[in-house]
């Protein structure tokens, strides 16, 4: 296992970045951030190259950071601009600067080769800019779990019947097979549960009187963005796959930020085609998501503990694992491709 | 060091096992248990072979356990009986089932090759079934110590003078040599302290007026059961070794369950030929044992910490170590014999 | 990295040693100490050679220690003088005894070859015995840091401008170059800041009306003793280097005791040529030192955490590092010289 470095990761919601120095960790790299005078977010290696003190323990002076030990000072590009007591600035007196892009109130950071940091590769959805859709940022779920298991959980329609029986699943879907399309990016796994009782989520938000047709589409964009498109419409309407916008439709977005091999932050938000601008509905949805994600967290952390123990036999693979298997294979290939030639 | 696997270990007192799923760890193996409808205790590997979630995080359905992640279901023999969403059950979809026997309110588990799990090898004493003897189950002492040091402490008459001066020993025994018989199983170490003041235990329970003859016999049954036969009688009676039943006699039983190389549970109980059916006496004895075992725990945990540090020279061996040395050698031989041939 | 063993280290202030057994750890060695009947401090390896129980868990009997497990007893020279239950005392039944010297209310311990423990090598200063100087013992600062970084901080005049702006430094000194003399033992680094505002310390204790000349001399005695000579006098006096006694002069002494590679105790005290016998001034100075040393502690512990993480490039070296570089080189050489030949 490893990390894909040449990729945009979510560093945080825009609201998390202000003028103060803030330390974050992504892909095992400690990073210090602040929002500069021009509004752009600066992200630097959080370690002075002299005595290794984290720069986040120093102080911001204008758009530079002064180290708290001997006053070495670095600008937003990571260049050393001052060494108290000496004039010459050695060539190795710098810190790494990370490319940053900010879109739709999300701050993205590029963790690999800066020359490849193409903003065109940022994750996007047309619904971000569509007034018929309401976007709402949720919280940051901290998981003592490696990101592969978190991602796997997010391309896995089958678990909702057992893990989320009061919110996102119910017994009606237990035996409905999962379909997958693993050819492109994103990887997709989905199923429809036709003509059954609404799940907890749509009891609350759909105002349905009878049975519904319900769908779950899981889109997993490599390496670390998942979109879960789920919704319901009256079973009588016999909704076609391509007409999902006519039902109550919700996109649950998950941006996974691997902190290290044992820790992942999952920032989640949603886009919905109902109750636009209604903060009370947003809060109610957050509450239901929080129930569901706490259920996932308990499972993912228990699995991590088991993975850290000796394994006596290889795991069993099931039909429902197809999307996950392809995802892991692709991550392995990307990590291998980034490895320097021997 | 290692563990003897082909042996019965105590999984717990009978009262510890009810209908709910319960996770325990023995010899580094995580195990889920429950008492089935027919009253028998089931013990399964506590890890779903699919995604490694502990089955103890799932739920019991009849006499099966359903995994909490994707609903794979296992019966009491460890066989997978259901995989939601697919009909074929792969051959490797199983969990290990551990043989269990229950006798005299104690649940025993066999940690090695099930084909060798012979109930005739269960530890037993005639006094368990003898109405002249009162049996009383004590508590489970949790020790941050490997089991070899715990066992050593339980075949060691010499330490009671120094470690348990208020309960099980006193200064009169400090220099009395220890006798041993290391030919058979159990290994035995013993000594008599004749014509001296009663120890704390027999001040409380013997009602002795003058000096007593006191004995301590330590029987260590491999790998993990210890019986300490101790008692006193009036010194004037000049009690013979074979007539110990005529004195006040207590068997303190210790069942050691190695959790891992650094952690052992010692479940202790006693059998006594006095105060049958008197719960107040049982409680008073528990209180004295608790004092003594807390003293052992402090020592054994301090020793474990030292053993985890670098050793600069081999330890000194004393005459009192003979039983312990034989015990360790036999455990080594048993562990080596279980190791697969190269 | 490693430790110099053939050296005197501070085991504690004299007031820390009484009649009770006390466990300390120095250079990863666990040591039990007590003050014997003749007033001398005894220091023994804190591990019984039999079952490894720390002797500090046993009890003192006269000037011997009896092990708390089986009663083996050791005198102040580490010799076993009793084994209960057997007469013969094996040759390997001993614990290491450490040479101890006590001077000026400080207890020193020799961690290497006892034959080389020469009291003439104890650290000393004439001011200890000079009535014009007031000595005051401060506290023991516990640092989760290896001792090399602590020592480095104590031969580093440059950091005070940035780390201790309210007590020991101010902006006037930021760009004043540091001078060093690395030829002898101690290594010396120093600078004068002429004709500037007094720092916090001398606002409180010098009663200066205008600007001052201020000096900081850092003397680092290998391996682990630092003396910081700092003071101020009226700028108008144009004080010469050799006339520092005419100003307000303070020696801040630091005795570093490496506990292990990640933990150091820094016992600090001061000698001053002002306010002799004035306990209130001692307390006020302690308060200011405590502010400053807490600032150092925060930095040193953050650095230790960074050093424990992977390093991607070698650190930058600056002109201010000269004294520190020489110190580390000399420690390396001493450690290498003590290593047994292959």
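Points worth noting:
Order of writing sets the labels: A, B and C. Residues in every chain begin at 1.
To be clear about the criterion, contacts are C-beta pairs under 8 Å (C-beta built on N, C-alpha and C of every residue); 3 or more make two chains touch, one makes a residue touch a chain.
All figures in this text were calculated on a predicted structure; none of them were measured in a lab.
At the interface between chain B and chain C, under half of the residue numbers involved are used by both copies, so each side presents largely different positions. Rotation angle relating chain A to chain C: 120°, from a CA superposition, given to the nearest 5. Per-chain Cα centroids separate chain B from chain C by 49 Å.
Residue positions of chain C in touch with at least two other chains are not found. Residues 28, 30, 47, 49-54, 57, 66-72, 83-86, 90, 92-93 of chain C are the ones that touch chain B when the two sit in their complex.
Those residues of chain C whose C-beta lies close enough to touch chain A in the complex are 149, 158-159, 161-163, 174-178, 298-299, 302-303, 306-307, 309-310, 313-320.
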